[in-house]
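One chain, subunit A, links the two complexes that follow: it is found with subunit B in the first and with subunit C in the second.
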Partner chain A sequence: MIAIWRRMSGVALGLLIVDLAGALLLTVVTPSFTSTYNLFITGRDFSILLLVALAQMIVLAVGQMNLSIGAIGGLVAIVESGLMVSYDTPVVIALALGLVLGTACGAVNGLLIHWTKVNSFILTLGTSYVFAGVNLGITHATPFYHVPGVVASFGQARIGAFPHVAIVTIVLTVALAVFLRQTVLGRQLLAVGGNQVAAALSGLPVRRVIVTAHGISGFFGAVAGTLLMAQLGEGQPTIGVTWILPSFAGPIIGGAALSGGSAPLLGTVFAMVLVSLISDGLILVNANPYWVQFLVGALILGGVLLGRVRAVGVRDVFRLKSTPPPVTDRPAEEPVPRRPAEQK
Partner chain B sequence: MSTIAPARVVLEAAGIRKQFPGVVALDDVSLRLRSGEIQALVGENGAGKSTLIKVLTGVYQPDAGTVTIDGAPVRFGSARAALKAGISVVHQEHNLIPQFTVAENILLERIPTRIPQFVDYAAIYREARPWMKMVGLDVPATRSVSTLSAAQLQLVEIAKALSLQARILLLDEPTAAITPHETGYLFRVLRELRAQGVAVVFVSHKLEEVFELADRVTVLRDGRNTALDHVIQGLTQDQMVTYMIGRSDVLAKLPGRPEHGEPVLEVRDLATEAGARGISFSLHRGEILGLYGLVGAGRTELAKAIIGEVKVTGGGVVVRGRTARIRDLRDALARYRIGYVSENRKEEGLILLHSVLTNLSITIWRRLRLFGQWIRRSSETAAVMPLVKQLDIRAHSLAQQVGTLSGGNQQKVSLGKWLAADVEILIIDEPTVGIDIKTKNALHELIWNLAANGKAIIVISSDMPEIVRLADRILIMRNHRLVGDLSNNHDYEEVSAAIMSRLS
Partner chain C sequence: MTGKREAVSILAVLFVLTSCGGSQGGGGGTTAATVAIVPGGPHPYFEPMRSAIADAATDFKLTKGSFEVPTDWKQDLQNQLLTSLASKGYNGFGIFPTDGDAANGIVSQLVSRGDPVVAVGGCVHEPTKTSFCLATDVGASAYTAAKTVIQAMGGKGVLLHGTGLLTDPNTQLRDQAVKKAVGEAGSSVTLITLADIDKDAQTADTAINQALAAHKDINGIVTTAYNPTVAAAKALRTLGDKRIKMVGIDDDPITLAAVKDGFLVGSMGQNPYGQAYIGAYALDQMHRGCKKKSGAPYFIDSGTLLISADKTTTYQNDFKTLTKQIAGDFKAKYLSC
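== the complex of A and B ==
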């Protein structure tokens, strides 16, 4: 615990304080916040969305993006529930196939980005529609109802306020932390994100690293889709369609650099706690829940801005200086507005 | 005495000093430029040419010294202010919008309109043509810039500068990317502009071009003038090279080393995609091979071809007696134990935002792993600690970000990762560029000792004293060919003269 505390970044610490203050505020303002049932529901939603955020964080760590996390989660949930409901596939096999499929979808993203050199934003935007299209092609937009009881009950189960699905999230989060800090591939992943050219010229396998990052992203998206299917008790084709905002909210509010090289795991966790507190709080105080989007959006903008301030300082972010220092070797070419009439 | 008609001085920089954290980029540098004159600005990489150009164009503010235009002191707050005063720069990288037409690019800063905000296309093409004619750009004004050659792009940039009423034109290595034929054409255009009274500053590494085109030359070395406003006529290439690379710095003599061992790397008739042809040499165990040449001679490309990062189109490489097909650096490291220290440590050598530990151990993670993937931080630390001591890397801790170290310490880390990997063959590209004399000496001794302990080393450098001090043998490269292979007796006067004779 002490080790974690000492290693905690300023952003993570700040978010932790805000989280504690927010939780305290909600406890005082709305008695129902601390009710067992409310904590269970909030914790369950949080468990799933944290996996979504980590799926994005791992790709941001190599300086790329994955817009297809939701589409992968949806497709996996549909394939798993379809196998179980329509083909009576044993639960274990169906879930394993689904997770392999999700990982493969992510790996395909990585391979395509590496081969085509197409920007990850546009490429995963494309594949997200491919995955979502397969989903709708299978389902015709109708859910697979009545998944096996063992799956559905796991999604609903709790010990006190502690949801069973959170076990999965905790295990995967710890595993990801260990992977990033203690394994060769994890270290290589951050190195490639920090400077791809230098990493390649130090002998690192850049393609394998990028494909791995996207594979992990697909896997986390697949687990999130599976857990949501279990919680709903049915394979909804719409699983994952709203994940794009939370997926970026976690890592970006948590302090990830869009240029890659950092994976602020604790920051992402605490940022997602904050997002959960906001959505839960607004519901509890009977505010219009649509304001959740507004607030989370504002937080993301705040996170990005904070990142810029840390990178270049307050003055330059807001262009308070008349002559910004040259960031590159190339002098800024500024237009010279001269009307033809003035030239004479 | 000059054969050039007396002309008035339009731009003068005097006593310019510019300091960056840890480096004095320009120290008491001057430049004088007359109308109707072509002044060459010459110097090796890092000599301060680009910094001087940035000071003249208002990108940097000098810490001391004055810039005067037509005798009146000026202080440009921005690039835009310099443009207004009539100074335009044509950069190596083009600042044109590829999808726009030639005429639109020329008039980009002041698109003609009839009604405000509505573009008057007829006027664009009408107004752009005279400028195109002036630089002899013979393409339709409606051509998209993306379809032009590098030489034509240059002409568009010059036309654009002229249309902004530039009286002073700074050309930063304008011939780096164009063919000799196109260069000839560009020179005709520049002479024409000179005849019309434009003052031109011409930055180039190619001395032949300087002698062909320029009236006068200003030479920088290590941020100081070694020649100021020197008339080209009567100057020899030898003298010019001496101005550029100077005399040996006073450094202690290095001790003797054991005899070389067997050849470990043989390059046979190598040809590369970058333009090298017929390159053959061999490198022995315990030997330091110097690869000397001016910037642009193709030394880095040759090094990258050996490690598989530039495509080889002919000939081959033999490592320890066996023909090697090296796919990339990863292959070079894992199968052939070759390392490469890039000349560009910030972009290619280091992960600046990561720790000293990561940057030193990056090459040995695979070796340290347990059970397939596991790395223990303690074994990683144990592996790099001796290096930190051996290289005398000054950092608060192994966790310190490499980007916050001084240049010399960064270079030590960039080199250190290959020592961690214990490579047998090490190619070091510009080992001491931008590094103070003390650290430079330490790095020289380090490289010397590595060779004494049996490593085979290629040192690429455009620093003649460095090459003469370190190398056992010196390969001289010019225009992607080897033009000399000298054994080095470390006598600076003799060896530098021999090298210069091969370069001119």
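== the complex of A and C ==
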């Protein structure tokens, strides 16, 4: 525990304090916040959205984006429920096929980005339409009802306020932390995100790293889709359509850089706690429905600012002090070194 | 001399062709219409429209009838789809506007080509060049639902209203109708509104459950959108709570099962089949040259009824009978041919 505390970044620590303060405020303002049922519902929602945020975080870590996480989650949920409901496929096989499909969708994103050199934003925007289109083509916007009871009951199951779906999220979050910190591929992932050219020059397998990051992203999106299908008890074609905001809110508030090279796992976890507190709090205090979207946006922006203030201080966030000129050791007349490909 | 005659003949043929050729979109004429029904986005509510347009194509001998769904709830996507369909030769359009105001742009474009447009399921906001709006009287439906729930609550308590997209042209009408019913109950009923929770099943499920957790005194629920209805029906079944009285909307199997098992007082059935079927008929008649009768209303109620436990197996027949009745009277009541 002490080791985790010491490793915690400024942003994560700031978010933890904001989370605790928010939870305390909600407890005081509305005692039903701490009711078992409310904590269960909020925890269940959080468990799924955290996986969505981690799916984005891992791709941001290599300096790219994945706009197709929701579409992958939706497609996987539809395929799994369709297999179980329409083809009587055994649950384990249907879920395994769905997770393989999700991972493959992610890996295809990575391969296409690497081969075509098209910006990940544009490419995954395109594939998101492809995946969502397949979903729509299969379902015609009509859900697959009556998924097997074992799946639906897992999605609803709880011990007190603790939702069973959270077990999956905890296991995967810990596994991702171990992967990023303890494995060679995990460290290569951060190195490629930090500077792709330098990583390539150092002999790192850039393509494998990018495909792996997108594959993991697809897998996490697929698990989130599967858990949501279990929670709803049906294969809903709309699964994943609202994931774009939480997918970016978590890692960005948590301290991830859009340029890559960082994977703030704890920051993302605490950021998603904040997002869940905000959405729960607005319902608890019966906020005006026509202002909810504004309030969510404003509170998320507030969370981002607080995190930045905690990390770099008020003066730097608002540029209150003059920025010194960039320090360079290189004389002005020194020629810019050429990249190897340009050298004759 | 021969050359002059040929030139005059060609000019004469060209004159006749241009005089009789009609407009770009080929609007008007004696041929049957090629009709497309285009919802605002993917949603199970519209699914009966698929069979409705197929039935209409057979019954009214349309050149072609098609049901086309935009990939997302965005007006520009619906605009692109409609433009694409028009370029493929469709010449009558039944649309559910994604955005009640913004849809007027594409409607004007289509009508200026000579292609009639009717709104199905939800109205394009007036002033508009849309000829008719065939939809549920959502205000009356929401009002009936809220009054039914308040009565079941014993006229007092806390009523939760779960409703749809803020950009849906019907949401404000439903919100106002529920507020009116609550207002008539006096101060004995408190209203809690959850709006914009019909985006997807997850949003609705979380919001409804969080509201039930937060407000333990809720003893009535009225939902006026599809996803909140299904979410609330499932929540009440999961909680095993028949103390809370609820009236939902539409006929999703989960909702109907909950009505049958006594978790819901009922659900307000709408008539999407009839909206598309009658809409296709109106479009075909207008394509053949009929005009909207002077003084004919823009809004035509396609019917609504409370599906209670005893009507879960018979309500579809009631709607089909109503649809045939409205279609049978349509030409005489609303068109001048």
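Everything below uses one rule, namely that the second predicted complex is superposed on the first by the 288 of 344 C-alpha atoms of A that agree within 3 Å, B and C clash if a C-alpha of one lies under 4 Å from a C-alpha of the other, contacts with A are read in each partner's own complex, and residues count from 1 in each chain.
We take it that a residue touches a chain if its C-beta (ideal position, glycine included) is under 8 Å from a C-beta of that chain, and two chains touch if they have at least 3 such contacts.
Keep in mind it's a predicted model, so treat the numbers as computed, not measured.
Applying the stated contact rule after C-alpha superposition, one finds that A:His140 touches subunit C and leaves subunit B untouched.
Touch criterion met: A:Ile283 reaches subunit C, while subunit B stays clear of it. Of the two partner chains placed around the shared chain by superposition, neither subunit B nor subunit C is touched by A:Pro90. With both structures placed on the common chain, the touch criterion links A:Gln182 to subunit B but leaves subunit C unconnected. In the superposition on chain A, contact of A:Gly302 is made with neither subunit B nor subunit C. When the two structures are aligned on the shared chain, A:Tyr37 is found in touch with subunit C, with no touch to subunit B. Once chain A of one complex is fitted onto chain A of the other, the partner contacts of A:Gly10 are absent, as it touches neither subunit B nor subunit C. In the superposition on chain A, A:Val197 makes contact with subunit B only, not with subunit C. Look at A:Gly261: by the touch rule set out above, it reaches subunit B but stays clear of subunit C.
By the touch rule above, subunit A contacts subunit C in their complex via residues 30, 32-33, 35, 37-38, 40-42, 45, 48, 129, 132-133, 136, 140-143, 145, 156, 228, 231-234, 236-242, 279-280, 283-284, 286, 289-290, 292-293. The touching residues of subunit A, when paired with subunit B in their complex, are 181-185, 187-188, 190-191, 194-195, 197-205, 257, 261-262, 322-323, 326, 329-340, 343.
On subunit B, the positions that touch subunit A within their shared complex are 50, 54, 57, 59-61, 77-80, 83-84, 89, 91, 93, 95, 108-110, 112, 127, 164-165, 309, 328-330, 332-334, 340, 342, 347-354, 358, 362-363, 365-366, 368-369, 373-377, 417, 421.
Residue ranges on subunit C touching subunit A, taken from their complex, read 42-44, 46-47, 50, 69, 71-72, 166, 192-196, 199-203, 205-207, 209-216, 227, 234, 238, 253-254.
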